Structures are given as C-alpha cells and as structure tokens.
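These are the structures, in structure tokens.
You will see two complexes here that share chain A, one where it goes with chain B and one where it goes with chain C.
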Partner chain A sequence: MKITTARRISQAFFLALFLWFCVVATVGERLWQLRGWPVNWFLELDPLTGLTTLIAGGSLYSGLLWGAATLALTLLLGRFFCGWVCPFGAMHHFIGWLGNHSKDPKERARRNAPHPAQQIKYFLLAFFLGAAASDLAARLLLGQGAAFAAGAIAIALVLAATRKGQGRDFYFIAVGVLLALWAVWSMAAPRGGASLLAGLLDPIPLASRSVNLALLPLADMPLRIAWPEPRFYQGAAMIGAIFLAFLLLNLWRPRFFCRYVCPTGALFGLLARFSLYKVGKREARCGGCMDCEALCEGACRPAGRLRPQECVLCLNCLSECPESAITYRPKPSAAGEVAPDLSRRRVLAGLGVGLAAPPLLGLGGLLGPNWDPRLIRPPGSLPEGEFLRRCLRCGQCMRVCPTGVLQPAGPSFGLEALWTPVLNNTIGTSGCQPRCVACSHICPSAAIRPISLAEKLGQGEYAAQGPIRLGTAFVDRGRCLPWAMDRPCIVCQENCPVSPKAIFTRVAYQTVISGLSAGEAGGGELAVSGRALRPGALATGDYYLVAGEVRARIRANTNAALSLEPGPGWHTPTPGSPVAVQVRLQRPYVDPARCIGCGICQHECPVSGKRAIRVSAENATREPRHSLLLKGAGPH
Partner chain B sequence: MSGQGKDLDRREFIGRAAKAGLGVAAVGALAWWGYDGKGPDATSGAAPSVKLPSYAVRGRERRLAIVKSSHRVPALRAGLEALGGLGAFVGAGQRVLIKVNAAFASPPALCATSNPELVAELVRLCKKAGAREVIVTDNPINDPASCFELSGIGPAARAAGARVMLPHPAAFASYSLPGGRLIQNWPLLWGPLEGVDRVIGLAPVKDHHRSQASATMKNWYGLLGGRRNVFHQDINGIISELGRMVTPSLVIADGVVSLARNGPTGGSLEDLKPTGTMILGTDQVAVDSVAVGLLGLSPSQVAWLGLAQKAGVGTTDYQALKPRLVELG
Partner chain C sequence: MAPRAAAPSRAQRLTGLAVLIALALVALGVLYTQGRYDPASWGWGSAAPGGDAGPLAALAVPGLEPREAGASFDPATLSDKIDGKAELYLAAGFQRLYTRRYALKGNPAAWLELMLYRMKDPRAAFSVFSNQRRPGPTPPGLGPNAYATSNALYLADGPWYLEAVASAPDAGLIKGLDAAARAIVAALPKDQAAAVPGEAALFPPQGLKPGSVVLLAKDAFGMAGLNQIFIASYPQGAPERIAWLARRAGPEAAEQEAAAYARFLETNGGRMAPAPRAIRGARLTELLGVWELVWPQGSYVAGVRGAESQEATLELAMRLHKRLSEVKP
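Here is the complex of A and B:
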C-alpha cells in the first residue's frame, strides 16, 4: 500500500470519527447518543486549545492534556496532525483536490509555491497568544511593581533602538512596544482581563462550531437523528458562511486555511522545524520535473530548499517522485532548508496587538459597569471574566443542550463574547431544565465547570447554599395579560418548576362592566339592566357580580340575566341597586429569593413575541456582584 | 453559426427562428401559468384539516370503578377487572393510543407525570388483550425528548413493547371542534392518532392554580400544538372543549398519590399527598369529579366540570353511574 493511501485512510477515518462525535453528542443512552463517546477528543488533541486556556485560565483542564501528546509527537514526526488527523484539514485537502486535480501541473505547481502570506498564520498565533496572555503579563509585570514594568519596556526600547533599522520594520516594533505599553497600563484598571479569542480561528473549535451549529441542524431536519424536532441557532448563517468561505477558498489555493490562517498549524510549524523526522531530498539535485510541487499540500517547496515548518506531511512528494529522490528521515533535506520567513519584529507586533486586544475590548465595559444582563450563562459557568478566558466557542454545550436554549452570542454581546453560549429562552423547546447538567459536563475547558444535579438544585450537601441561579424573572406589567389587559392567564406560575413556586399570585377583582342595576331575581337568575350583555360571554368561571362588598360567581348569562353561584355572605341585591361585573385576576409576582432564572416561564408565556415575563442575569449565582437581595432581609 | 459577413442561409434562419419562437412560447407559457391577478387571500397556507372520530366502545358507556389502594399496579388490575376486564375495551388486532401526561421533565417520584410502571402495565395489558400496536404519546410542555426520558415513561413504555411517538412539526394537522368556540383551526397532534381504534387517557391527579385541578380531561391539552397557552385566558372553557374534542375508550385518573399542592409541576416530595385512589371509567366528567374530591374540592366548585356537564360530555353526579368500589387496602 502506498503511504499516501494510508494517509487518505487515516484522514477519512478521523474525519468520519469527528462527524460521528458531532452526531452522537445527544443526551441519551443509545448507541448513536452520548453514552460514553469521547466527543471532545479532537478539541483536546488540538494543542492550541490547551495552550491558550492554560495561559489565560491558569490550568490545563482534564482532557486538554492530550494536546501535550500531540505536541510531543509533532517534535518527533513533524506536522502529522495537519496531514493525517485534523478533520478540518481533511475537508480542505479534499476540496482543494476537487478544485485543482484536473488543472495543468504547471499551474498547480504555481499555486503550490511558497507565498509570503504564509507568514500570516504566525502573526495570528502571536496575536491569539498575546490576547490569552495579557492578564498574565499584567500580573507578572505589575506584580513586581510599576518600576519593573517600566524597566522592562525601557530595555526593550533600547534593544530595539540598537538593532539596525530595516525600513518599515522599525514602525512595527514601535507600534508593538507602544501597544504593549498601553496594554500594561490599561491592565492596571480592573476592566481588562484576557480573552480566549483563539477559538475564533482555532481549527477544531471552528470546525466543531460550524458542524454543530450550522451543518448538523441543516442535515438533521429531515433525518431527526440528532434532535427529534428541528433545531435553531441564532446567527448560524454567519457561522456557516465563514465555514463555507474557508472551504471554497481551497478552489483558489489548496489548503488555503491551513497555509495562511491556521494558528494551530503555525504552532506546529514552529516545532516542526526541530522535529526528529523530516521530509527532504536525498540529493541536492534531481530531474526538476516539479511533479512533487504540483502535488504539494503545504506549499513547502519539496523540489528546492524545503520549508519544514510548512510541510503538512501529506507525503505526495515522497510517493510520486519518479526518481524516488524524496525521503522521510531524521536529517534535513539535502537541498537545504529555509527557516520561517518571519520577522521577529512582526511577531512581536502581533503579540503586542494581542496583548492590547483584551484591554481594548474591555473598554466596552462588559466586565464592569456595562455588564450585559442578557448574558445569561449556562449553569455552572464561571464569573464572566474567567468564563471568557476559557470559553473556546466550540459550540459543544449548545450542541448537547437538550432544549436548544443555549445559543451562540451574536456581535451585539460584544466581540469578546462572540459565539459564546448564552441562554435565549424564546428559542428551543423549553428554558433550562432544572434536572439537566449536560453542558457543564461536556464543556472541554471548564468555562462551564462540571456540576452535579445536587449542586444545581441545592440539595444534600448544597442545601445551605441553595440552587444555582442563572438570573431572575421579571414580570413586564405593561405586557402581562392579567396586569395590563384584564385577562386571566398565569401560565408562568403554572410552569414554574421550583417548589414552592417562585412565581406567586395575588388575586384582584377588576370591574369590567359597570353601570348595571339589579332587576328581579327568580328561578336562580338575576335580571340586570343598564347595558346589554353578550350572551355566554361571562360564563367562563372567571366573572363575578359584585353588589356592595360581596360577590357571586357568574355561571351563565343571557343579554339581560345572570345565573349566579352565591358565595359566602351573598344576598340578592334589591331591585334597582347598582351592580357591576368583575373579572377575577390572579396577578403574577416573582419571589427573587426562590427564582432560579431557568426561563421556563419566559418560554411558556403566551405573549409570543416579546414575552411578558423575562429572565435577566441579575442575581445569578456566578456573579455575586450582581446579586439582588440583601441576605436575611426578606420577609420569609 | 455562419461566418461573419456571410448572408444567412435559409436553413439556418429557419432553425434560429424556430428556437427563438420556442423561447418566446416558453416565456409566455410560464407567465400564463404563474399569472395571478388578485394576489394571495388571507387564508393561504392553511394546514389540511382532520376530524376526530369517537373512540367510545359501544355498550360500555357510563362505567365507573373506584379502587382504594396504596399500590398503583394492583389498583389498575383490580379496576379494569371491575369494569369487565381490559378485553371489554381493547380487541384483537386493534391499534391503541395511550395518551399519558408527560408534560414535565421531572422524575417519576414527583408525580407530576403519569407513573411509568402504570404506563408499562397498561401497555402490557393492552398487548395481552390482543392489541396489534400500542402507541404512547404526549406533546409535553418542557423539551419532549427530555420529558419522556426523565419521567421514565419513554423507557418503560418501550420496554413494555409500546411505540413512543414524540411530537414533530409534521405530526400536526389542523383541527376544528364542531361547534367549538376556542378550538378552531388549531394544530392537533394527529400523527399518533391517525388510524388508531382505541384511545385511553392515563393522567395523574394534580393541583392546578388556575383551573383548581388537573386530571383526565385537562390531560387532552397535550394533544394540542401551537401556542396553546393562550387558552389559559379561558381555562374552564378550554378544558370543557377538550372533553368534547376527545371521546375516549377509557380514562384512568391515578390518585394513589396526588400532587396536592404546587401543581401542576410539583418539584418536591412535600407537595405529594397519599390519597390511595384510582378512578377508571368511560365518563371523563364522572372520573374527574371523583378525582377533584381527592384534592378536597367538590365538583360544583370546579367550573370546568360544570361546563363539561352542560356541554353533554358526562355527568358530575358520579353516584348516578353506580360506581363499582374496590378496596385493596
């Protein structure tokens, strides 16, 4: 078997496995459901997810340790992950082949030639690492005092000044240093923090998000395997369009994403320079047929001086060379190698911009006074600052959520929160179900930390601290039927899952027909005059006749007579005395001490557009700063 | 194509003219076919409508059994026995629909949903009576898949050999209750009902703040789709219309343990009350009239019972049916 056949089998296998994991991430015990499938495995293998959460969040959570194995193997073998394992890479590889395999070999070799734009991914990597590290950097520098910070920057400036200026590179370093300075200064104010922006372009989170939130919901609509009902994700069009755009760009340049964009590939590239085994030529000279370059996936120039950091180990060159001039061995190519064409200063600039990004984003005040009460996070979520340092935006929580209430946050929530999970209680099949902790256990980076049912419900050892609150429901009295429109309803109260219910009612009798006077009584009926009644309209059991201070429930009515069900104290009104019709309303109130913010009331509210009861994030357990109530000061 | 500057020869002209003519004819035909001088009317896009037959078994009307027991499965068996056995209602080769209450994603111990052991036993008894297929369904309030799993009804029903049908947009059809005021052109969970011979309602007895009580009649709420919560503006009216909508073969109200407060969701064991009673019958108003008594209400206090009686669904005077009383202890 040719080595490239083995590679294709490996790619197909891992792509199928990745898609299978996306399908089976459904709560349930059947074979095609979650059971014990390691659905996060690809996210965990991706070392950039581990590295960025380690830098930004301070720990390498659970399965993210797999990333270390990937890095170790990369040091031995080179970028095996890109060419043999990465499911996103396999998609690019396949579409690139579709779009290019029939082209003239010369044209293909031209498209596969190394291009300076391949540097971009290294700058992106620097940017994302910087964004993840800005908080750490600030703590390291400011922890030693401002003098240390100023000293370090001064040294950097001196070093920069003593290196010979290379035209525009001077501007890059100037900008980089200025931005780093700005970053450190901004960090002194409590509005900065790090942000795990890497998830936006990190290939496995990107592919997971795209498949989970765009591809699978489309594919599953007629199949109904992943979800029994159609699944909706707000803003999925943008997520899907970006995915599609990256796939289509392969028609222009094979492996466009891998060559120019992929920050994980860049990380592998930095290590692959030093890997034990490498692709290379046995002899410096060969026939120069360029067949290898027509087939080269990584644009790493196998025919000439090789760029080992770009080689994705597709091994097409090795397999197809008519002279067998190419080999894979623990020795650099006989024709020589070219180190990454990277300007240290540009990398520094990327890092500086990255360091500055979170403080810049922080100016929006999301972590401070301008916190967004619509940002209702899943149960178990860390406080917002820490949440943003860990959330990969991979979409796993939104995929596994049985109700579909977890949705990708759109741009209106701030760029730093883009595509992170947020509860939208009007979409999906229910609010957040009290007896479900699926999202907290699937989260690969513990942005949603794993919680037990007992902790979520505040039972057993958690009884003293009470249930986990996601927010609080507020009644909009301008839209609520019993409050604003004299119509009985209380669907919210009925559906409140808390015991005793967090929604309680107070009864109010509201006069809806006045100006009536009592007539003759007889045969269980009372005649009324003054206004014609709509026959049967008052027979719903919610209407009462009030005479003085006492009421009788109306059982039935004609246009001029009522059938009454006398209550205690009722006496037939004297003919001619004024009477009125009242509706008995149970008006809903929320007890914030009991409300867990599950959003089921909001989901069920019959005011179907903008609901008359809505949850917002006040009083959420994860942010004590946003608590609503004074402890021990309530009536109960 | 002829060369530039050359005159068109006749052959080519005829060929091109024919193609152009065909093109013109095609455009004209398409425009003729699609032309609409009026614009769409207000009722466009309405779903096809269905009718619901009566599922009552002839000669078995006005039957009622009240079983006193603290165990559900023996109570069910004894109650069915008192009604003449399930074989009196389910015949060989029939398709039976069991409408459970699976409204909430809550565990069976909280009694907010039909008891899974009871569902399983009823499925087995239907199968034993010769049913060709037993379907278990509901359109729950919380997420359907979670409701059936967490309530235990899904696994129990499947294990007993039933087909569990979850709601899906394609399973709904438009329905209008003849002479009804509220249920008009409303989505009905028709998929599970299509082609069934018998319908059995199996519901727990529960407290309900708006309607005072929930038992077998309110259980039909789970056959409605759409934004059915608007009907809470006239809860008594909708429950009595639901009673008119479904004429069941048999209904069973499980009040062995009742959800006596904080209903209909419950949420705590403290909301439960052992009421030791299971009511089975063919008159849903009579069955529910007994059931509300378990919650300390008299039928005359419950407006929807009065409305249903007035609409001819059944009688609140359940003693008139001469109920069979069974004491199991």
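Here is the complex of A and C:
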C-alpha cells in the first residue's frame, strides 16, 4: 500500500468520525445519540484550544491535555495532524483536489508555489496568543505563576520562530518595551483583560461550529435524526457562508485555509521546524520533473529547499517521485531548508495587536458598566469575564441543547462574544429545561462548568444557595395582553415551572363597555340597551356585568341581552339603571426572588413577535454584582 | 509521457499498515468509550434529591422510559405544581400528588407527564374527575370514569385520579398515554371500590346528558357551605336544566339546608313564589326569569334549577322526587 493511500484512509476515517460526533451529540442513549461518544475529542486534540484557554483562563481543563500529546507527536513527526487527522484539513484537501487535479501540472505547480501570504497565519497565531495572554501579568500579581509561565512560553515560541538577523538590537528593544508596557498595563488594570478570540479561526472549533449550526440543521431538515423538529440557529447563514467560502477558496489555491489562515497550523509549523522526522531530499539534485511541486499540499517546495514548517505531511512527493529522491527521515533535506518566512515586525505587530485587543474591546464596557443584559448564558456559565476567556465558540452546547434555546451570539454582541452561546427564548422549542444540564457537561473548556441537577435546582446540599438563576423575567406592560389591552391571559403564569411559581397575578376588573342601561329580566337573561353587543363575545367567562357595587358573571350574550350567573349580594338592577361590562383580568407580576430566568414564560407568551414577558440577564447567579435583590430584603 | 512513480517501498507499506492498525485502535477506543456513560450527567434519567414518585416510582410502561425520578406534593405544596387549580383539589379532599415524566423510548423530546392524585376517598376522586371533565371518548377497558382528549387521558379509579398529559397530540404519545393508564390501573392497590359514588345513580335517566354528573365538593352555586352536591344536566332549551341532590346526616339537616339555600337565592336577588303542593317542603324562587325549586326529602336535599318555566322545573323535579322516594333514606 502506498503511504498516500494510508493517508487518505486516515483522513477519511477522522473526517467520518468527526461528522459522526456531530450527528450523535443528541441527548439520549441510542447508538446514534450522545451515550458516551467522546464528541469533544477533536476539540481536545487541537492544541491551540488548550494553549489559549490555559493562557487566558489560567488552568487547563483535563480533556484539553490531548493537545499536549498532539504537540509532542508534532515534535516527533511534523504536522501529521494537518495531513492525517484534521477533519477540516481533509475537507480542504478533498475540495482542493477536486478543483485542481485536472489542471496541467505546470499550473498546479504554480498554485503550489510558496507565497509570502503564508506568513499571515503566524500573524494570526501571534494575535490570538496575545489576546489570550494580555491578562497574564495580573495573574502573576495574583500568584498564578503557572499561568504566567505558560504565557511566557507562548511568547518565547513566537520569538524563537522569528528570523534571526539584522536589526537584532532594535528588535529586542521593541520586544522589551512592548512587554514592559503590557506588564504595566496589566498590573494597573488587573483581570478582565483577556479574550479567547482564537476560536474564531481555530480550525476544529470553526468546523464544529459550522457543521453543528449550519450544515447539520440543513441536512437534518428532511431526515430528523439529530432533532425531532427542524432546528434554527440565528446567524447560521453567516457561519455557513464563512465555512463555504473557506472550502471554495481551495479551488483557487489548494488548502487555502491551511496555508494562509490556520493559526493551529502555524503553531504546528513552529514546532515542525524542529521535528525529528522530516520530509526532504536524499540528494540536492534530482531529475527536475517537478511532479512533487504539482502535488505538494503545503506549498513547501519539495523540489528545492524545503520549508518543513509548511509541510502538512501529505507525502504526495514521497509517494510520486519517479526517482525516489524524497525521503521522510530524521535528517534535514539534502537540498537544504528554508526557515519560516516570518517578518519579525509582522509577528510582533500580531502579538502587540493581540495584547491590545482585549483592553480595546474592553473599552466597550461589556464587562463593566455597559454589560449586555441580552447575554443570558447557559446554566453553569462562569462570570462573563472568565467565560470569554474560556469559550471556544465551538457550538457544542448549542448542538446538544435539546430545546434549541442556546444560540450563537451575533455581531451585535461584539467581537468578544461573537458566536458564544446565548439563550434566545424565542427560537427554540422551549426555554431552558429546568431538569437539563446537558450543555454544562458537553462544554469542552468548562466555560460552562459541569453542574449537577441538584445544583441547578438548588436541592439537597445546594438548598441553601437556591437554584441557579440565568436572569429574570420582566413583564412589558406595554405589550402584555391583560396590562395593555384588557385581554385576559395567564399563559406565562401557567407555564412558569418553578415552585412556588415565580409569576403571580393580581386580579383587576376593567370596564370595557360602558353607557349601558338595564332592561327587563327574564329567562335567566337581562336585557340591556344603549349599545349593541357582539353576540357571544362576552361568553368566555371573563366578563361581568356590574350594577352599582355588585357584579354577575356573564354566561352568554346576544346583541341586546346577557345571560347572567349572579354572585352573592346580587340584586337585579331596575330597568333603566346604568350598568357596564367589566373584564376580569389576572395581571402578571414576576417575583425576582423566585424567577430562575429559564425563559419558558417568554417562549410561551402569545405575543409572538417581541414577547410581552422577556428574560434578561439581571439577577443571574453567576454575576452577583448584577443582583436585583439585597440579601434578605423583600416581603417573602 | 510523464515519468511513473516508483513502486512503494517496504518502509512505506509497513508504515501504511501501522497507520491502519493505529486507526483500528482509535476506533476500538472510541467504541469502548461510547458504552461507558452516566445518563445522570445530562440531567436526564436521574433524580434530583427529594424526588418521591410514590406508586409511579417503580412504574414501567411498555414503549416509554422515565425521564426523571418524579416528585410528590402534599396539600401545602400542591399549588406549587398546579397553582390555579389547587383549590379544587384541596376542597375535594386531596392527600398527595405524585408526578413523573416519561418519554418515548429513544425520543426524549416526545414526553408525557403523569400526575397521579391520591384523594381521601373514591368520592373525592370522582369529584375532581367530574369537575374537570372535557368532551372526549372513553377509552375501552378503562372503566366508566375515564376519557381521552387529543393529547391527554383522565381517569378516576377508587381514591386515585390520574391526569396523563402528552407534550403533543402525537400518535405514538397517545398510545403511550393509554399504556401508562393501563399500567397504573393494574398497579394501584384496589383497597376501595372504583364505582361511581351512589348518589350519581339516583338521577332520572331519561333526558340525562351523558357524562354530565358532577360532584361539586364545596360552595356549590356560589353558596358558602353548600358542599358535596351532585348535579346532572337535562338539556331542553336554554339555559340547561340542572337537577341536583345531596345526602345529609338526617332529615333535619336536609330541611335546614333547603331553607338556607332558598334564603341564599333571595339575598342574591331571587323572588319567592308559591311552591307546588306535590312536593312537600318545596320552595320556589325566580331569578332573572328562571326558576329554582329546592326541597328536602328524607335525608336528601334536592333541587332543579335553570328552567324558564315553572312547568319544566316541576316536570324534572317530580321525576327526581319519585326516584328519591324509591330509595331508603
């Protein structure tokens, strides 16, 4: 078997496994449901997810240790992950092949020639590491030395990878000044300064998000395997379009994303430069057929001086060389190697922009006075600052949520929150189910920490702290039927799942038809005049005839008579005396001490556009400073 | 012609083989992992502490799987669960409510909730059952006190009253409701007779609207203290005629209650009229043009309300009077 055949089998295997994990992330015990499938495994294998959460969050969630194994293997073998494991890479590879295999070999070689734009991914890596690391000094201040060391390693990695040479002194001065500035800033503005932006372009979160939130809902529409009902995700078009664009760009340049964009590939590239095993030429000279260049996925010029950091180990060159001049062995290429084509200035700029990004984004005040009450996070979510340092934007929680209430935050929430999970109580099949904690257990980075049902419900050992609140419901009196329109409705109160209910009602009688006069009584009815009534309109049981101080419930009505059910104290009004029709309303009020912000009321509210009762993140447990209540205050 | 690639070397072939073995190991590892899981970690299939589903705890229903361990409510917490309707249950003699959710096997989104009420006696169970009766057919084999709607099934069996409500009017769930009801009826202790309480059989059958017998537990017709009243509908024109009756401790109590009810009608705007002689102790009242007759008969107090004419009122009253005179007070 050719080595490339083995590689194709491996790619197909991991791609199928990845897609399978996306399909089975449905809560349930059938073989095609969640069971114990390690649906986060690819996210865990991706070392950038682990590295950035470690730097930004200051701790490594156990599963993410797989990334360390990937890095270790990369040091041994080179970028094996890109060429053999990465499911997103496999998609690029396949589409690139589709678009290019029929082209003339010269044209293919031209498309596979190294290009300065390949530096962009290093710039992006530096940017994402910078954004993750900008809080490190503050962490050091707080004694979290391990996290600081990790940050220092990240920076050292970038520095080590950049070209040595001219301008050395200037370069070190620049780095020194930058680090000093950063340290001073971090100490002056401790905490809250890091952001895990890497998930925007990190390939596994990107692919997971795109398949989970765009591809799968589309494919599942007719099949209904993943969800019993069609699934909707806000902004899925943008997520899908970005995914599609990256795939289609392979028609122009094979492995476009891997060559120019992928920050994880850049991280691998930095290590692959020093890997033990490398692709290379046995001798400096070869037949010069350039077949290898026409097939090279990494644009690393195998026929000339090779760029090991760009090599994705597709091994096409090795397998197809008619002279068997290409080898894979623990020796550098006989034809020589070219170090990463990195401009220090650009990498530094990337790092600098990255370091500056969180404080810049922070100027929007999202973590401070301008916090966004629409950011209702899933149960178990860390406080917002920590959450943003950990959320990979992989979409796993949104995929697994049985009700579909978890949605990717759109651009209106800001770049720092883009595609992180928020509750949208309108779009799914319900609000957050009180007896579900699925998202907290699937989250690969513990941005939503794993919680038990007892903790969510505030039972057992959690009884003293009470249930987890996601926010609080507010009645919009301008839209609520009994408040604004004198129409009876207690849907929200009926649906509130907490016990005792968080919504209570107060009865109010509102005059809806006045200017009537009583007529003769007979046959259980009272004739009325002064205005024609719509027959049957008052027969719902909510309407009352009021005569002076007393009321009788209206059972039925014609246009000029009411069938009545008199209550105690009733006396039939004398003919000619004024009477009116009142509606009995139960107006909803929310008790903030009981509301858990599950959003079920909002979901069920019959005002189906902008709901008349809406949850916002006020009073959420995870942010004590957004509390509405003073401890112990209130009548209950 | 393009030069041909050389045949794969031994090293290539061996590496290829090693990769295939590695993939097989990964596949095995994944398969092994998928079988080891704890459903409790998703929050489904596990109990929150404090759950006590009583007779539902061990209830297995073919085709359904429990989605939770269930819970129970006592008179103090009943309103937490059913809020607005709690008063009705409490007045009738509520003791405990057991609830548990089930879902169709393999489809957690298709669920149903069983709410099993333990009432103080079969009368109380019949009271809540009859008071909330909605139009719907009786599922065969579940006894006279059962009916189904498009997404729910209700039944009274001895001191138990069951409400089984599905999340959607889906054929699979309807079958599930039926299976759950049968499983419950089979599992419940048969310590008290399941029959409809005796008074229900006293209404004259002719013209009786099927399924219209209701036991009003408390404050019937808006009169405080008028409790444990059976009513039945006799549709004939509108408003519908209602016959009602209740058994009291003895003739004296029955007489006092008949008098109190007549007084209540009077304070609510009713006008007394001369009563027919044919029924001893009867009192006739007119309110908004409809007639009400109430009388004591042995230990019973009985009445007819809602008819527009004295004749129609008397006609039904005579028939009820006759039925009552046939039973030993």
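By our rule, the second predicted complex is superposed on the first by the 579 of 636 C-alpha atoms of A that agree within 3 Å, B and C clash if a C-alpha of one lies under 4 Å from a C-alpha of the other, contacts with A are read in each partner's own complex, and residues count from 1 in each chain.
What we mean here is this: contacts are C-beta pairs under 8 Å (C-beta built on N, C-alpha and C of every residue); 3 or more make two chains touch, one makes a residue touch a chain.
Computed from a prediction, not measured in an experiment: that's the story for all the values here.
When both complexes are overlaid on chain A, chain B and chain C end up clashing with each other. When both complexes are overlaid on chain A, the residue A:600 reaches chain B alone and has no touch with chain C. Contact with neither chain B nor chain C is seen for A:113 once the two complexes are overlaid on the shared chain. Shared-chain residue A:499: touches chain B and chain C both.
Once chain A of one complex is fitted onto chain A of the other, the partner contacts of A:427 are absent, as it touches neither chain B nor chain C.
Comparing chain C and chain B on the residues of chain A they touch gives the larger count to C. When the shared chain is aligned, chain B and chain C each come close enough to touch A:402. Once the two complexes are overlaid on the shared chain, A:487 sits against chain B while remaining clear of chain C. In the superposition on chain A, contact of A:291 is made with chain C only, not with chain B. In the overlay built on the shared chain, the residue A:228 is in contact with chain B and with chain C.
Contacts of A:28 after superposition: both chain B and chain C are touched.
Clashing C-alpha atoms with chain C after superposition occur in a single stretch of chain B, namely 290-298 (options considered: 20-28, 38-46, 182-190 or 290-298). Overlaid on A, the two complexes show chain B and chain C touching the same residues of chain A, namely 27-28, 227-229, 402, 429, 433, 435-436, 490, 493-494, 499-501, 555, 565.
Interface of chain A with chain C (complex): residues 1-3, 5-7, 9-10, 13, 17, 27-30, 33-38, 41, 84, 105, 227-229, 287, 289, 291, 318-324, 402, 429, 433, 435-438, 441, 450, 452-454, 456-457, 459-460, 490, 493-494, 499-501, 521-526, 555-556, 563-572. Those residues of chain A that touch chain B in the complex are listed here as 27-28, 224, 227-230, 402-404, 428-430, 433-436, 481, 487-491, 493-501, 505, 539-542, 553, 555, 565, 586, 600, 604-606, 608. Within the complex formed with chain A, the residues of chain B that make contact are 104-107, 141-146, 149-150, 166-169, 208-210, 227, 229-230, 232-237, 262, 264-268, 270-271, 300, 303-304, 306-307.
On chain C, the positions that touch chain A within their shared complex are 2-6, 8-9, 12-13, 15-17, 19-20, 23, 26-27, 30, 33-37, 39-50, 67-68, 77, 79-81, 83-84, 106-110, 222-224, 238-239, 264, 267-269, 287-290, 306, 308.
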